[in-house]
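Note that chain A is present in both complexes that follow, paired respectively with chain B and with chain C.
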Partner chain A sequence: MAALTTTAPARPRKLLASRKTRIGILYALPVVVYLLVLFVYPIFSTLFLSLKDTDGALTLHWYADALTGVNLSVLFTTLRISAETALLSLVFGFVLANAISRLKPLWAGVAMLIVVVPHFISALVRTYGWIIMLGDKGLVNETLTGLSLPGAPFQLLYNELGVVIGTTSMMLPYTVLLLYGVMRGVDRRLLAAAASMGAGRITIFRRIYLPLVSPGLASAGLLSFILSLGYYITPALMGGPNQTMIATLINQQVMKENQWNGAAAQGVLLLLITFAGLLLVKLVTSLGASRRKRSAT
Partner chain B sequence: MAEHGVVTPSVETAGAASATTTGKALSVVALRKTYGDVVAVDEASMEIAAGEFVTFLGASGSGKTTTLMMIAGFCEPDSGTITVGDRDVTRLAPQKRNLGFVFQQYLLFPHMSVSENVAFPLTLRGVPKNEIRRRVGETLEIAGLSGFGSRKPRELSGGQQQRVALCRALVYRPPVILMDEPLGALDKKLRDQLQVEIKTIQQELGLTVIYVTHDQEEALVLSDRIAVMRNGLIEQFDTPRELFERPRTPFVADFLGAANFLPGRIEQHTDAHTLVRLDGSGGLLKARRHDLAIGTPVKAAVQPGRLRVSAPDDGFCTGTVETATYVGTLVRAGVRVDGDDAPPLRLEVPAGRGPVTGERIGITADPDDVNLFPTEQGG
Partner chain C sequence: MMELRSTLAGRIVLTAVATVILLFLALPIVVILVTSFSNNAFASFPPDTWTLNWYQALFADGSKWPAALSLSALVAALSTVFSLIIGVTAATALTRSELPLRSAVYALVLGPLVIPQIVTALGLFLLFEPAAMLGSPIAIALGHTVLAAPIAVLILIATLRGIDERLEDAAASMGAGRLTIARRITFPLAAPGMIAAAIFSFITSFDEFYISQFLSSVDTVTLPVQVYNSLTFEIDPSVTAISAILIALAILALALVALARWLGSGRQGSLLSVENTAGVANPGGETV
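Showing the complex of A and B:
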């Protein structure tokens, strides 16, 4: 969240003249070069690629392509699955982080380790783990059949449910980490103060706790949404043909069709959507803040 | 509920705004709390009248805060009962006790404006919007915070924040307001100023307040009655004057008055006085306690401000001024008493004719200002 709210004040020009600043620039040089080579250059070359026709002329043809027909529906699928993932990982992340934040520091540390350590394992391995678990003869369906649940075994793989289960589990450590940090920062005595005035549990949660952790919710939700947008392995392995996400499409274009320009256009679109998401969250939070300010007067 | 035939002190305050129906706002009977082997509060009992300002005074670990937390409901007593008005609240959750609480750390809700903070307890009680606006405005005005309503807590100074917290605790007129060292985080000057404000508001609105502090001066300024606590026990629960002038234990005499303690033995009873032969100097000190047998070893407690300077050999002892510190209106002197190897006697005398270092002086005390405590081994 901090990254969203910080606004660097304009520095007086005369500072540049000082020796200290010049040395500072020297120190920053490696980072600047690093960013130019590995960040700015690839992005701009992708941008040019997406605007270049096969004969070298400028065109918007690839964008038109990316926004029509199957490509458009893939884009919508991507947005939908990302939103579902963000929502679910937010809900599960909230419950988990909330529980962990109430533990004693030692146990909280252990619990965080349990949440985070699986993340050290390759996403590919974890995805195959899920596939084994969720298959027709997997642990989940065997258990459900054993309980003679009507309808079991369920189709938990190669559909949207499968993809969302997979991506949500991949995003969970991020949301838990983010929310846990914010929740730890909430002064528990504020909740006691509210109770002393007569507020019940639900009121305290809704009117004190939730507003205090909402910045964390916004950034955690946004983060898992953005990460899901470009997620490749899990949707590709756990989804069916109807769950093709944009990253899969880009991969197909590059690897199978050698179609770099179209892939670049879709990549740029993905980037734009991400920016739009960031902007939206910033807008919503500042709108909320100003509305609260107005209602107070 | 335990039977207690305690005579409630008659109500002298007209707490018009108070929600209680009887004169008794709160009573605590045989309250006990232990943490492992440590007894935090030991059988504390007291009755507090509506409109009364009561302070729990003690050092850290004396049990004052634990007692307050049990009254608030943040901490459950092992045994005993707490009654607010006529309602037994001992096992109720904090939110069901309808008390007010002011915390040392203010604990204003950071995401709400000042007005919203103060309005919060009213919204919980379903008070209509217009009424809320009126009462919040009124309360903020009392605390001198009109015009601050739309600010966020972080935009206020510490003193202002604590005023808001005070408003938030009294806006819904709880029968009792609890305050846990509310001025502890403020600097001395602001603390003095807010003490006066709190006292004024309390008197104007007829609030019943239980206040916790370790600052004896603060306790004296604010309180109608003070419960001096030590090691989980209430040493004495009395008016400031009584505590100061008639301390019931040496601890109270020391804690409130920073008294000098002079060991000696009861030598003689006359019609008006009890004469004490002091161990060190061998002088005779007059006191007024007649219930102690001749020969009883005692400690005579006299506060530094109650000792007077006289001519040498005219008084219960004579000594040499070792230190004399000028502190504004007073001179604090340390006097080495002849024949006594105890630490110097501490005196506080008006600065005008204060003693100077090296001077030989006699020391006298009004018999009414001398409190005698029998020492332990003497029985």
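Showing the complex of A and C:
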């Protein structure tokens, strides 16, 4: 305070600023303290536990465990299922967002409601809905048998197809919302300008539209990949033994085997992959921003 | 894009594909609602006979559902209170003050939303297990608040940013104290946002599974954990009825948020128009 009051003319303003700062710090305290104690500290204690041997010495052998044998194949399964989910929700999300962005406002509103409402319904409940639908005598197989499709009824549950159907339907609202926002943000004058200079439809799509939306596509894909990584409910209920994902393994080690250190190491691995993904999202977003700026000038 | 596939055939194909994707999102929910009234739970679709048996079974003697339901409601209510306290203070700090390290605080708030929930749950388990707090509703509510508070903060930041600060300044210039401004100006305008923040915190906690599973004990089982257990261990057809109730609650909650928004939408406009009508009324006053 003494330093602030040395110059007389600037005094009222600086006093106000410092008062505003003090109020800010006071009001920010609850959230900062809460999350430091119940979010940051627990994550650090997970990290320490993953580096601690049974006798308390520093070790990396929990990570060696997590990256060998069955655990490694579970990690690869997790990455594979997440990649499949990201790809499918990106393709479906692109088609749906594109269709919605061309609808009349009323219909676009209705379609958006169908996209958004499921997002607020428990993932557990929606997974159960899929289990009812995909069973041997479920709606999907009954319909396919009714159409006398060869091979029906199909095995749609307790395999990778079932898991990917489930996780894709959970991720789809995210990709549709993100891509819809990106598509609405495309400056249509650029497309018109290209057309006026004689560019064909395919050229416009490839040279103008795609470069403008591709950063959005990339970050939507990465985001659904990251969010799928930690999935537990859908793979556990809709998959078979070959679809065990890393979250299932963490859960088993804590609940059944009392093997906390191993679970902690796998949690930290999951966290590291997530951070790498988030870093990529950030890179892609800043790339997209600079590209948009260039196209606007 | 508008020009790209404007042929009739292209448009029909696109509409058909979009409809199938929308069905992909909506059907699992519709199927649960219909099946919950079906007499032979999984045998056929659409059902041939209808019943309310599964709903009655929820409250039969020896049913585990009422206890799970009331525990989840209690936990969600606690978590909503915690989230609102944290949300209002944090959003005020982030929008109405000069905060050092603002972006670090913001990143901290976003953290729980992007980090895999299983990792958060594992950390909370390691925190509460040594304290012998597993199974305590307070511990579960504290855990849920880690996820629910950031959502409340984000909603309230958007709400406070939407309130014209000139209204608060105008009240201050006329001598209103900070408390009066908060009570008479900011709070009435922020009320729809606060209702939305409360409802979304409640749903977040009510539907939360990972943290609940890690922090629950044999006696304290929240509703989602009970649903998961009855889907994995014992096939209990009344799980369809409880799922249908959860769907109905979620839709009701969204409708309430929309209603609060709609009721609150005119308020700021009418307050701001006071200065305009005052400007118009003055010349009229001169002629009298």
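Criterion: the second predicted complex is superposed on the first by the 239 of 297 C-alpha atoms of A that agree within 3 Å, B and C clash if a C-alpha of one lies under 4 Å from a C-alpha of the other, contacts with A are read in each partner's own complex, and residues count from 1 in each chain.
FYI, contacts are C-beta pairs under 8 Å (C-beta built on N, C-alpha and C of every residue); 3 or more make two chains touch, one makes a residue touch a chain.
These numbers come from a predicted model, not from an experiment.
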item: Combined model on chain A where chain B meets chain C, clash or fit; value: fit
item: Chain B versus chain C as contact partner of A:N98, first or second or both or neither; value: second
item: First, second, both or neither for A:I208, with chain B first and chain C second; value: first
item: Touching partner for A:L279 - first (chain B), second (chain C), both, neither; value: neither
item: Contacts of A:A195 with chain B and chain C, given as first, second, both or neither; value: both
item: Chain A: partner with more touched residues, chain B or chain C; value: C
item: Touching partner for A:D187 - first (chain B), second (chain C), both, neither; value: first
item: Minimum C-alpha separation between chain B and chain C after superposing on chain A, in Å; value: 9
item: Where chain A meets both chain C and chain B, residue numbers; value: 195
item: Touching residues (chain side chain A, partner chain B) in the complex; value: 187, 189-190, 192-200, 203, 207-208, 211-212, 292-293, 296-297
item: Residues of chain A that touch chain C when the two form their complex; value: 17, 20-21, 23-32, 34-36, 38-43, 45-46, 49, 92, 95-96, 98-102, 111, 114-115, 117-118, 120-133, 135, 137-139, 142, 169, 172-173, 183, 186, 188, 191, 195, 201, 204-205, 209, 226, 229-230, 232-233, 236-237, 247, 250-251, 254-255, 260, 263-264, 267, 270-271, 274, 278
item: Chain A-touching residues of chain C, taken from the complex the two chains share; value: 1-4, 14-15, 17-18, 21-22, 24-29, 31-32, 35, 42-45, 85-86, 89-90, 92-94, 96-100, 105, 108-109, 111-112, 114-120, 122-127, 142-143, 145-146, 149, 153, 203, 207, 209-210, 213-214, 224, 227-228, 231-232, 239-240, 243, 246-247, 250-251, 253-254
item: Of chain B, residues touching chain A in the complex; value: 72-74, 93-96, 98-101, 103, 105, 107, 109-113, 115-116, 120-121, 124-125, 149-150, 168-169, 172
